[in-house]
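Paired with chain B in one complex and with chain C in the other, chain A is shared by the two complexes that follow.
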Partner chain A sequence: MIDGMQVLDAIQARGLSYRVEGFALSNFNLTVPGGAVYGFLGPNGAGKTTTIRLLLGLLRPEGGSIKVLGRAVPTDVVRVLRRVGYVPERPHLYLELTVAESIRFHSAFHERYDRAGSDKLVSRFGLPPDRRLSQLSKGELGKLMILQALAQRPDLLVLDEPTDGLDPVVRRDALATILEYVSDTGATVLISSHLVHELERFCDWVGVLDQGSMIAELPMHEFKSGLKRLRVSAGAATADAPFSVLAREAAGVGSEVWTVRGWEPAMSSWFGASHPLKEVVDLDLEEAFVELLRSSRAPVREVA
Partner chain B sequence: MFRAILRVQYRESRLAILVLAGIALAIPLVAFRGLDLRSDPWDAFQLLSASGKWSAAYPLLALGLGLVLAGGAWAADHRSRHVYALTLPVARWRYLLLRYIAGGILLLGVGALVYAGGAMALSRLTLPPLLHGYPGGLAIRFCLAGLSAYTLLFALNGITQRAARFLVAGLLLLVVLAALADLLSLDWHPLGRFMDAVLGPYSPLAIFRARWMLIDV
Partner chain C sequence: MFEHLNPALPTPLYAQLAERLRAAIAANDLAPGDALPSVRQLAGRLRLNPGTVVQAYRDLERAGLVELRQGSGTYVRELAGERRAAEQAAVSGRLANEMLERAVGLGLSGDDLLNALRSALRGERP
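Showing the complex of A and B:
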């Protein structure tokens, strides 16, 4: 919610362009629906962090427009940042401060900061209030950053690889806390990661970024259900297929494996008797992600 | 918000600030300690001599304090590559101003100790006729010098890498031009003019070259 009105899209980026040495984002579009948990996927170096920094006004785009929670960025970025909790990929808090001081500092900038909630999270995460941030472990620092972002009571959480490098126990704790917050408040989440399986469990939207381009953006159920691996008889033509064939490989004598997108069960009738469909295999998000990347980098791969 | 920034800035460089504050308080006390003051005409000479001997310590202290405060104002943000500062919901100019003022407040604190040290030292002395103590003047001069150094270093420390490259390139160009002018025997001294502009009588740093006497005529 913003100014009493429901915001349909929490983030809208249109025709975004940005260029630094060795990397370019051009004509980039991103839409994060309000209330969604949006998984922002991409391999290392794809441009996830750069995109997030553009969305939060840390970098200025060369072209295009950005709206976050209904307000233009970077023009109105201060108002936007009042409602956004941000967890960057690397610790950004002042390391000279103790945990308690860091919380006091952060709360001074956020009108809606929930001190009682932050106290609860300090004990839940087992953070030592009097210890300096420079003496905290990586996991403790990660938890503190998540705590700070949640205690702001944000309408939008932007998490840039929040659990990267954390051990599984800490990761599970952190993600559970984020999900609790989201289910309590209905906040929107943009979470970037290259750990695909991690996002699979709780994202309802997914955007896949590669080499500065958005190669897919769709609801998670479509992403997962439409991507299949089909085992078919060799030799079938794909020209008039009602789905798109991302990859096509030989698989033993007389068989091929196709990786397809936009698949629906009724489409099995498209395969005639001469080249029957033998098997439909679900792809998990990680496999789908890998296939998407492969197909975007080398769109047509013929049978080996 | 301001108190939070002030606290962070103090935490960042408190050890150096406390050491400099201690020195600021101690200089006037040490300067006149152990003087053999009898009621003869040489009292004034001894006092002026001791005052003059320690006068260079104040501008050095002001410069050091400016350096420490400017470093402390930016250190934490440099370490986080400014990500934290830029994601706080406060306009950049306002954040910058708060950081600058916080350093100024800390500087005033040390300036107050310069005054206190001077006043304490003077309270132990009986000044001969024609000599006067200037603890207030010295403290104000200290604060202004410290503020000049702090402002300059705060700006230099806060500029972007690109701006820093331009600055260094500009200085190098100045050196090259001065060398060329010298080679061609031209009556043109760009480096000298630059130094005059930075340290000349009407520059903001000219205060460092003034008389820093706690006791003077």
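Showing the complex of A and C:
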């Protein structure tokens, strides 16, 4: 995050593979640089949760090697997990405890547990200390899981769809709290989500998983750079274009829409007078993500 | 002053944030000696990567508009009158360029835009 500083990778997985019936993760690499806020994207069922469970030693890979915070997983997983705050997709807390009991219980397992910090978050999140977890709303339970993970003062936060199903106000609160923690500590974050637009503002790395394979992993600014949608006169040839064409579709009379990568403003002169370029539209992360999935699943579709 | 930062624009978020702050400083909405929000506060409030806020503040520091005081925060510096005018002109210039680019992209001419701006200044609504 801070430039000029040499940091080790917080997560390094090489040649990872895993198979269960009907689903396979096939031989991919994943690298989360230290201090990064890494957005782990992919459609539902892409294998994000399975990957996270492998990284945290909750499943054993069939092949490949994993290092988290410099230590081998699963060999050294107990020491690794002391420094990792994990918010799983589904609640992992004892539902018969009250909020206060749950915090007391968790604090006993973590030597760095920040009781003062967790008290502050209880009131900031408006959590009722004496209510049983089974009586909490989904949003309250989500906030409590984030509180528990942060109170451990982790060096690495792993958040699996932490805001899925939460209302927008709770989502904002939760994300703000996480980013304040990152700002205080420089902790590394891996956050998985299919809510792509949510990650666009604060992730500086992106990994995209689709059908059990990593189809892109790069800094956010590179992922988004030069991704454009062009409105072009129908009939222009895409051969020898100085940018790459991910998708091409007819759009109304006499026009086509091209989704391109590697675009630079000077390239508008490549379009001749016979097939002029009509418009250049910026793509946001969500659109870029969708186009990436489309182009990785199928080659460029030519206009019929 | 921080509303509508848009990650879809080609201008990176840190540059958008720096531009908002420049405009606020040039317009004296942020006066000399005023503290900018802490990196932590702004990252949380705007849900930005703290690195993005740091980068925006460094940008302003390099431009001589703010100073980073170790361990205390980031403060707006005293600006000479002509420097303030120059900042305002620069911010307006960039805004005009952005509008012009968008207008051209929509097939409008600079004159179309200028006429629309004149009638807007007269308080006419489209």
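Keep in mind that, in the parts below, the second predicted complex is superposed on the first by the 292 of 304 C-alpha atoms of A that agree within 3 Å, B and C clash if a C-alpha of one lies under 4 Å from a C-alpha of the other, contacts with A are read in each partner's own complex, and residues count from 1 in each chain.
As a convention for this text, a contact is a pair of C-beta atoms (placed from the backbone, for glycine too) under 8 Å apart; a residue touches a chain by one contact, two chains touch by 3 or more.
Please read these numbers as outputs of a predicted model, since none were measured by experiment.
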Chain C versus chain B on the shared chain A, clash or fit after superposition: fit
Touched partner set for A:L81, first chain B, second chain C, both or neither: first
Contacts of A:E264 with chain B and chain C, given as first, second, both or neither: neither
Which superposed partner A:E62 touches (first chain B, second chain C, both, neither): neither
Touching partner for A:E101 - first (chain B), second (chain C), both, neither: first
Chain B versus chain C as contact partner of A:D167, first or second or both or neither: neither
Cα-centre angle that chain B and chain C span when viewed from chain A, reported as a multiple of 10 degrees: 140
Minimum distance between Cα atoms of chain B and chain C in the superposition (Å): 27
On chain A, positions contacted by chain B and by chain C: none
List of chain C residues in touch with chain A within their complex: 5, 7-10, 12-13, 39-41, 43-52, 54, 105-107
Residues of chain A defined as touching chain C within the complex: 1-2, 37, 172, 175-177, 179-180, 182-184, 200-204, 221, 278-280, 282-285
Chain B-facing residues of chain A, complex: 56-58, 78-79, 81-82, 84, 86, 88, 90-97, 101, 104-105, 108-110
Chain A-touching residues of chain B, taken from the complex the two chains share: 1, 3-4, 7-8, 11-12, 76, 79-81, 83-84, 86-91
